[in-house]
Amino acid sequence: MRIPSGVSGFDSLTDGGFPEGRLYILSGPPGSGKTTFSAQFLTKGYENGERGLYVSMHETRAGIIQDMSGYEFGFDRAMQDTRVHFLDALGSEGKRFFGSPGERVDRNSLVNRLVGFVESRGIDRVVVDSTMLLRYLMDDDENTVMRFLNALKRTDATTLLISEMTDPSAYSDEHFLAHGVIFFHNYLKDDQMRRGIQVVKMRGTPVDTDIHQFSFTPAGIVIEPETQAEK
Amino acid sequence: MRIPSGVSGFDSLTDGGFPEGRLYILSGPPGSGKTTFSAQFLTKGYENGERGLYVSMHETRAGIIQDMSGYEFGFDRAMQDTRVHFLDALGSEGKRFFGSPGERVDRNSLVNRLVGFVESRGIDRVVVDSTMLLRYLMDDDENTVMRFLNALKRTDATTLLISEMTDPSAYSDEHFLAHGVIFFHNYLKDDQMRRGIQVVKMRGTPVDTDIHQFSFTPAGIVIEPETQAEK
Amino acid sequence: MRIPSGVSGFDSLTDGGFPEGRLYILSGPPGSGKTTFSAQFLTKGYENGERGLYVSMHETRAGIIQDMSGYEFGFDRAMQDTRVHFLDALGSEGKRFFGSPGERVDRNSLVNRLVGFVESRGIDRVVVDSTMLLRYLMDDDENTVMRFLNALKRTDATTLLISEMTDPSAYSDEHFLAHGVIFFHNYLKDDQMRRGIQVVKMRGTPVDTDIHQFSFTPAGIVIEPETQAEK
Amino acid sequence: MRIPSGVSGFDSLTDGGFPEGRLYILSGPPGSGKTTFSAQFLTKGYENGERGLYVSMHETRAGIIQDMSGYEFGFDRAMQDTRVHFLDALGSEGKRFFGSPGERVDRNSLVNRLVGFVESRGIDRVVVDSTMLLRYLMDDDENTVMRFLNALKRTDATTLLISEMTDPSAYSDEHFLAHGVIFFHNYLKDDQMRRGIQVVKMRGTPVDTDIHQFSFTPAGIVIEPETQAEK
Amino acid sequence: MRIPSGVSGFDSLTDGGFPEGRLYILSGPPGSGKTTFSAQFLTKGYENGERGLYVSMHETRAGIIQDMSGYEFGFDRAMQDTRVHFLDALGSEGKRFFGSPGERVDRNSLVNRLVGFVESRGIDRVVVDSTMLLRYLMDDDENTVMRFLNALKRTDATTLLISEMTDPSAYSDEHFLAHGVIFFHNYLKDDQMRRGIQVVKMRGTPVDTDIHQFSFTPAGIVIEPETQAEK
Amino acid sequence: MRIPSGVSGFDSLTDGGFPEGRLYILSGPPGSGKTTFSAQFLTKGYENGERGLYVSMHETRAGIIQDMSGYEFGFDRAMQDTRVHFLDALGSEGKRFFGSPGERVDRNSLVNRLVGFVESRGIDRVVVDSTMLLRYLMDDDENTVMRFLNALKRTDATTLLISEMTDPSAYSDEHFLAHGVIFFHNYLKDDQMRRGIQVVKMRGTPVDTDIHQFSFTPAGIVIEPETQAEK
């Protein structure tokens, strides 16, 4: 089954939205739109009556609501509903949940607790912001990170994992592990910075893999499907 | 002897298909077609009455069947037959087989068990998805990985090993070790993403080493032999 | 709320200045204007009656005043007022505060003391010069650095963190962690070195992300908004 | 004294063949012709009544004969004669000889045994396939590898060492250590993959160091001396 | 206050010479003019009645005098005066001063002794040749190197630190730490090697940051201010 | 004082030859002429009645004489005279001298013995082939290598050190340490490989730093000073 992304113009690139229950990676440089896309995704689920979870190391709940306050797609309403959970990995609740780095938490049980949280609450859409968070919380243990991602893939939730792209010339393990990979691009055209989005991979779905321009509008990210970006 | 690949247009690049009983590497970026090629390969063997084995760390049996459900080449029928085995390295069966990373499993005996599985069941076609899996299961021990690949080369099965390509400017040890190497390319042409496949190496066989365009069709990957890709 | 940057032409790129209470990274090669920008930022706050803190490993208070003595924007007046604190990490006060590298200071308590300093004194604007300082004081412990940055993000102060850019082709963790990222560029045009500034990222704000030329004038950095730099 | 290479067109690039009793490196990407060149070299020696040794980690004797079965230069006859020895480093004989990696074999005595094998049997031509083998057997101990290569240089045999080229932009220690270095190139020309061979270095011999195209023919590698490859 | 560099044409690029009492880095490839510039700088101070110190690991006093003997700017006279000190880090005096690498000298006390030497003798101009020396003497301890540079910045002396540039695409920590950075360039123009000098950074001073051609003349380095180098 | 290089056309690039008693680096890819240049250098000294020393890890005395046997500049006569010493680091004499790697030889005493050998015998010209040798004998201890090079600089001998260039985009410490640096280039021109030589650095001497073509002739390397190489 397909679930709508909540991002205008995106679903037509992917034959109708995200195949449900799978893991997708959003990769791109700083400021390229990964968080805004994720906020629209979570809000769309909320509007459809689904349950959501946003796990962040970067922001408090108030901070991310403020980040999105310039948009009108209703992220604040979603975040204030009990159906949408927010886990601030560095706040007091998050510390109870994850422990502090350096503490010898049982990493297996951490994976189990996170997956248990998703499953016991019947979460439909998960956003994990970000792989940097995972490496930080899991003490850079690649095997634990991969075990966590594999465990997430086996839940019924549809997950977006925000992945910082530090070296744009190399792929990461999570790109291969995920069901889908979406790249966010910043590029110069006629001496102006343009924004682009590209569905690099999506298993089990015919996709349009070209780079498409998008804009940040009051309604959030809007992809212009008719204009094909030249890179 | 040659065995047909099951991928339309591929066998004519390799003088009639894969030389039997040997080890081939499929390398490429995420979403470039490595898994689909492998699924067609395994299905073709099934249709010819052969026995198959798919070893995956990335997916459950259900997940990979779903991934291929958009194609009509019959992967689901193959996977549901007892002649085709599926080993989910991270599922309960796989854990019994491989142990968990970190557990001090005897890695020599792991290699022996995998090879014994292939030999005792008379497996004809093996897909190992992927080198990331091998490194994960074998605790990044390059010597164990190489011993495993060498052991696979010495069985009678024809093996496809999916190899993630994280740095496209460098070759890996497995490229040199294998009997054949097939690269999957994504490239821009006239502002559109194109797909390409290239037989970089195939021992004992005259091969067409040019890059050839291919498409994802309902019948799976279809190589257009007449159109030579310009890169 | 927006706070003015104190840099002529900058606020119009960012819809009216910096969103308050957040963390911004200034990145660029040596001599590209990061320190001058920071000095103007701190001075502007001082002129508006705010409290400031400049943490430096590179310079003494006298040294940085001398560095800015060629400008007329009033940095020396600001630095001599009790509302603006200066912490010379390598001077005697700084050593009392931070300890010496190699000394087994409790790094958690160091983070707490710095954040406590900001909070107890009601500091409005903080400049941290630089990430090299942080890594040096925190014994290259990335987790401590990130914990410190996250703690700063949670204070009410608006913080500029100067980040040395040693490898211009890669992003750093702090670029992803920050609310905003500003790049300083040096580039050749018509055989002359030009200066450019670029707001790469600023959460919650529509920004002009093009590269804009700027000059060092007696009034400090002046951005020429009408001239769009070609890179 | 010169010894003929057995590769059509090669000897005219090197003033009549390989200077005898020395060590040569064959370097190139996967599938570029290194093994085929080596097989022709060994066969030529056999035809001239010389003794040969092929040390392989990659293949069994049967496997390499099969690899070369598409050619008509008589490698199988050579390999079945008692004058040509084959050492399969991973087979039972090889394990007796080399031990297994990880086993604490005395590496000095391993070097001595290999060199002793060559000297006691009066081997004239040696092929070592490959440096990956050496590093694997010698536990990545560069000093042992270099000692082995230096010991080989001091025997009377003429040795070809196949060297995997993982990073084409860098030379390896063995390139400097060897008496000669031959590069195998794959390159695009008029949108087709071409094969090239280049004698980069050969001590004591005037050589043609240009890249020359070659083809894989039923007679093995045939260099086209009149056509100079443009790269 | 400004102090003259002693290099013809340089002071006009920097608004009258070097701001006094600060630390400058000279960076460039081998043979690009860093040592000659430093010798002119030290000689100029000597002619003005100042005290100097040249710390070298590369050369003896006699060696560096010989190196400069082809020039007529009077380096030998300066070096033979008691006002100019020479510390040969590898000679017997230097060893007494610095100890040998590997000896467990107290590195803090080494920093203190060097700074004490500068301060107690009232040295006005210091040349440290080179960062390689510092890393060698300080056992590659980056923190000790940085502490030493920071201590030098806090003396009254004006210091030139020669910095080998091994990777021209990356900046080093010392480039950010210094008050000024001067790059020496070698580049091809009309098929001839040209020399260029560029003031990349100089705090507190309006500078001409273009690349300027220079020549090695009997009077030492002479910058041609009217000719702007095209790179 | 200048000493002639023995290489036709070279001395005119360096104002009359090598400044005496100093250390020069010859750097280049495999097969680029470093060893031949060194052999001509040593032979020229022999012809002028000087004493020489050739230290090699790569070759036996017989091997290097054979390498040079295609040339007519008289290297064999020089090598057979008692005034020219040859030290085969891997032969029995060399092992007595250097010990074997891994043996815990006192590395300080090794440096002293080598320098003592040069000084006690009054050696005028030294060739060290190569930095790989030094790193191998000195167990990769960079400080010992640098101490050795510095000790050589302080003898009266003129030394050529052959330096393998594995990464052509980076300089090595020895390039900065040496009095002079000579690069050997291989490059394509009009589709043919050309040889080039370039004096990158030579302290105390006005030099022609352009790339000059050279040929391997029966008389050894001959530089064509009138033809300036375009690279």
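Brief remarks on what is shown
Residue numbering begins at 1 within each chain, and the chains themselves are lettered A, B, C, D, E and F in the order written.
The definition used in the following text is that a residue touches a chain if its C-beta (ideal position, glycine included) is under 8 Å from a C-beta of that chain, and two chains touch if they have at least 3 such contacts.
Everything numeric in this text was worked out from a predicted model, so none of it was measured.
Common neighbours of chain A and chain F under the contact rule above are absent. One rotation lays the C-alpha atoms of chain C on chain F, and its angle is 120 degrees to the nearest 5. Summarising the inter-chain layout, the chain whose CA centre lies farthest from the centre of chain E is B. Seen from the Cα centre of chain F, the chain whose own Cα centre is farthest off is A. As a whole-number value, the distance joining the C-alpha centres of chain B and chain C reads 51 Å. Here the CA centre of chain C is 29 Å from the CA centre of chain E. Within chain A, no positions touching two or more other chains are listed.
If you walk the ring beginning with chain A and heading to chain C next, you pass the chains as A, C, E, F, D, B. For chain B in complex with chain A, the residues that touch the partner chain are 29-32, 35, 57-60, 63, 66-70, 90, 101-102, 130, 132, 136, 164-167, 186, 188, 191-193, 216. On the side of chain F, the complex with chain E involves touching residues 19, 143, 146-147, 150, 153-154, 169-173, 175-181, 200-206, 209-210, 228, 230-231.
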